[in-house]
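Here you go, one structure.
Letters A, B, C and D mark the chains as written, and numbering starts fresh at 1 in each.
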Amino acid sequence: MSYYLQLLLNGVIAGSVYALFAVGLTLVYGVFRFINFSHGELITWGAYLTLMFYTPPFSWPLFLSAIPAMALTAVIGFSQDFFIYRPLRRGNPITLLIASIGLSYMLRNAVRFIWGSDLRTFDFPPARGMEFGGYYVTGIQLLMLAAAVFFLAILYLGLTRTLWGKSLRATADNLELAAIMGISMPRVSASVWILASVFAAAGGILLALDTNLEPVMGATNLIKAFAAVLLGGAGNVWGALLGGLFIGIAENLGVAFFSPGYKDLVAFALIFLLLLFRPRGLFGLLTGVR
Amino acid sequence: MDYILHVLILALIYSIFAVSLNLELGYAGLYNFGHVAFFGIGAYISALLSRAGMPVEGAMLCAMAGAGIAGGLLAVPALRVTEDYFGIATLVFAEMFRLVCLNERWLTKGPMGLPGIPRPAWIARGVDGLPVYLILTALAAAGVFLFVRRLTGSPFGRALRVIREDEHIAQAFGKNVLLLKIKTIVTGSALAGLAGTLWAHYISYISPADFTLTETILVVLCVVLGGRGTHWGPVLGAFAVIFFGEAVRFLPIPHELHRYVAPLQGMVYGGILVLIVLKMPSGMIAEHRRNGA
Amino acid sequence: MKRWTGILACTWLLLSGLVSAAEVKVGSITPLSGKLSVYGEGFQQAMLLALEEVNAEGGIKGSPMRIVFEDNNSAAAGSVSAIQKLITIDKLPILFGPAASSNYLAVCPIAQQNKTILIAAESAAAEISKCGSYNFRVFPSDALQGIGVAELTHALKFDQVVLTYINNDWGVGLAEIFKKKFLESGGKILDDFAHDEGKTDYRSEVLRVRKSNPKAVVNLTYIKEGATILKQAYESDVKTQWLMGSASKSPKLIELAGEAAEGVIGTYPTFSQETPQYQAFKAAWEKKYPDKKIPVFGEYNYDMVKLTAKALRLAKSMSPEDLRQAMIEAGKGYAGVTGDKTFDANGDVGAVYGRWTVKQQAIQDYK
Amino acid sequence: MLRVRNVTKSFGALMAVHDVSFELGDIGITGMVGPNGSGKSTLFHILTGFYRLDRGEIFFNRHAIANRPPHQISRLGVIRSFQQTRPLPFMSVRDNLIAVAPRQCGESIWPLFFSPTRVRRQERALREKADGVLDLLKLAPLADELAGRLSYGQQKLMELGRILMADPRLILLDEPTAGINPTMIRQLVAVLCRLCEEGIQIFLIEHNMPLVAQLCQHVFVMDSGELIFSGTSGNARRDPRVVEAYLGRESHAA
């Protein structure tokens, strides 16, 4: 029994990081109606930029390194939009998709170019996990959970209590209506990109702290985020959150029942089952004919 | 120059692959980001059958049929969703296919891959067989090209374009959109399967690592670069991409800078994709130019 | 600055191409880009060191020897393209095969059909032995290592183990040989599963290990996967003896896993570091690359080039058959840095298996 | 011909169409009016299968068509237009017409390769038919122009042409005259009258009241998802509910 509970616990922690990735992805979808493939690279860049400030010549402490890294990731996210997505927004959403795939490929190879394909790490000494009645949690895992809760709580407060959050949600609900209501689109779009980038970077840093850094780390986790977004219904922030948790738990518990080689398949299979039975996601809304 | 033959064979195989994707992506507006799965299914089916002793020609036909059926099986659930979800569904399908190939070792030998895939009995092994294999590939490519041209130049292709431009109009005028899309995906998948089987019997070794998202990006690049929804575009795109990749070999790059070549190439490919959609959305050959648009 | 280096290199290459009529050229398919490029650079440096020595000794019958390097993108398709180019454009009779068994297996039939000699310095899969008469390997086959790991397990008196292995050509091949040997000799495998290559989270795999509560775990994997697993097992307080293969034996493992790597025991194909050959190699390496450590498989790549040079000198002519005979002849009793390189009927060499362990954050021989 | 019984459709809490029942005869032009958001277009979407309905039944010539997919309904001869013009902008005007023709054997893969003559013959027939329709609409000079380059009014006419190509028995037009100039409206009305004479039932949503009065023998008025009036246009103007719901409000606004 404790075996399954431990798996569940690990699933919750992994899932909370997936949720961080998924929230940004789903926000971008909600406001701009396209699936941003290069979201995964924001994760990677967030982690690698932190490493850059953490190692010589900067050698800043970790928490200090994370701040400029997140800021720079936000700059990347914002300039993606400014230079590439914005000029394309009037056209077919599919061109946006192709552009984002190209961009993702470009950014991933840029990481390889600058930092090499090799595995990197923050060089933290491994620590024995803390034991709570037979369950083990490491400090970093706790940090992950805490940071995820922190970020998501801020998001919750921001979206529900501030005017900014309300205008964001209004835009995600109905783009044209929001424009009529006098919500400033450039400001909303800037805040969406900054939010998505910061969340992706934060998730990437946590992931890197827990494990390692490598150029494909974002791309591999992006599929999990996709699955979470789909599960929650695209554009639905809370759905993405729950979806992320669900994916984390499902794939970790799955290992108990079949070969770990199929761990990734859990998220994929979930996506597929969902498309079969609930094409709009669990919490998704119907969209009609124009 | 056998090497030239080799590059030509590769380019022709990629042309078939790109033409098959263009049928879906260019004409029907179906953004299949998992097209490599059908290439892979074709390659695996035909490799497994021919290694089990079936004549290569038969194995190739089975591979095409298998890839087509797999396309149909994917299409039915995947088409229930809107177009960007369709992209994700197909992408996920391709990854699932790769994972199954990696893990079902009793069938696919997993990561070990399948070596020693034979060529048709009447083609010599080794370099001596290259000219004949090139002719075989060229014939297949010409066949595929003519077939797709007949398909897209016909009322069928016109109906696909209606669907691509405005699905609701197509429905309002009695087109069975779902059925037409399924037919397109089945055809496209079978042709991708053909490309896959030609590739498998040519390279003579396949493993799951050959069927990743990178291959999909490459073939999407071929189609988008060459020109979506045109007859010659994907062929041109495939030749351009393959020749560019091989030309890099002849650049005198000092040994110590070699580490930077592949990432740089990747950045170039990604950058080209972005630039095309920004600056040259219709690719090298534009679909509507002849109409003066 | 870099541009000038580039232009200079171009000119040099062009010029050397013009005056190199008398060179004896061999080819090499090397992972200079892609995921194995981290290793490729080291292989190349070791080969270039050997080449320098060969040419200092007077080359091949008076002509200098040269290696044409061809990148394979660390992939099978790239390897095939590379070998096609080397065989048909450069028309080279001897090639050094690509790293990673799957890539090697992709090209070896092509070499065999074209009667081109293909030599492996790092590809370990047992399957490679079946590649054919033109294939040679200066690195021992996994068939030997699998047995070596099984013997280690028995020697340490572990009858019941959990087996996990990396889900790629190397891991699967090795695990199968280990399993066969271990079960034959009366061992029991409690649980047996593959883990994915390149993952960052192996906690659930670790938990699965813990579920069987084994005294020992045989973990046949690479460096980063091994390090992650060790680290995450350590975090969740799995107390077991880890037994590993040769591919995890690297200071990088300790760098990545730190404290968690302490006490790991593994096998690796070994050779004496006391021999004059090794001492000479080490000195030469330190002289040529003063600030670089000897890379993984560097010794094997070095031996491969030196042995090939010897074969080229022995060969009666450059015909495939003569070269093949010369290779066999050159190998007979050849004492390289990595030991005896006498080829058996499959073109394989024998090996001595050593045991390594991690003690006080350093790799040491296990006694 | 068309019988609608107790049709209800809601989006979440919003009741878009509530318990609507009516019948259309075999021929004639029927108008539907009502303020914006009263559920007219939603009703069209339901009749043509684009929206699923929550409750109710729809029969077209004894076929139950409720919740059937749009293409099946269309194949029975129920052809619609959309509120905005929706040309296929990158096809020529003629191709816009040919493409929508029903029952093309060339849209299946087998006949393409095994009875090409049949396909070719049908293509030729369709081309002639399309040119005939373009003549009727006075669009013949523009036949080879890209549809995207036509003026808004010309596109509206071309859309009517597309509908004619589809051998309709019931035409549903969503605001056919919105945004086009009086000359075009006259042209359009002439075509509609001619179709009506040929025995095709036309059902249109329209805001142009004089036009409705001129064209339509019968008028439905919708308000807040409910059908509040059915009768002649003359009576509609005198009905207090209609006046309050629609005309009244409009006259205040004016």
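The rule is short, and it goes like this: a contact is a pair of C-beta atoms (placed from the backbone, for glycine too) under 8 Å apart; a residue touches a chain by one contact, two chains touch by 3 or more.
Since we're looking at a predicted model, the values are computed, not measured.
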Those chains which touch chain C and also touch chain B: A
Chain occupying the middle, per Cα centroid: B
Between chain D and chain A, distance of the C-alpha-averaged centres to the nearest whole Å: 46
Geometric centre distance via CA averages, chain D-chain B, whole Å: 42
Distance between chain centroids, defined by C-alpha means - chain C, chain D (Å): 73
Length of the line joining the C-alpha centres of chain A and chain C, rounded to whole Å: 38
Sites on chain A at which at least two other chains make contact: 116-117, 259, 261, 264, 289-290
Residues of chain D engaged with two or more neighbouring chains: 50, 82
Residue numbers of chain B (touch at least two other chains): 102-103, 168, 259, 262-263, 265
Chain C-touching residues of chain A, taken from the complex the two chains share: 3, 6-7, 10, 14, 116-119, 121, 123, 125-129, 131, 136, 138, 207, 210-212, 214, 216-217, 220, 251-252, 255-256, 259-261, 263-264
Touch list for chain C against partner chain A, complex: 34-35, 37-38, 167, 193-196, 198-201, 203-205, 207-208, 210-211, 223-224, 228, 231, 234-237, 255-260
Complex interface listing, chain A residues touching chain B: 34-35, 84, 87-88, 91, 93-95, 97-99, 101-110, 112-113, 116-117, 219, 223, 226, 230, 234, 259, 261-262, 264-265, 268-269, 271-272, 275-276, 279, 289-290
Residues on chain B engaged by chain C in the complex (per definition of touch): 1-3, 6-7, 10, 102-103, 105, 110-113, 115-116, 125-127, 203-207, 209-210, 246, 249, 252-259, 261-263, 265
Residues of chain B touching chain A in the complex: 29, 31, 33, 77-78, 80-81, 83-85, 87-89, 91-93, 95-96, 99-100, 102-103, 168, 213, 217, 220-221, 224, 259-260, 262-267, 269-274, 277-278, 281
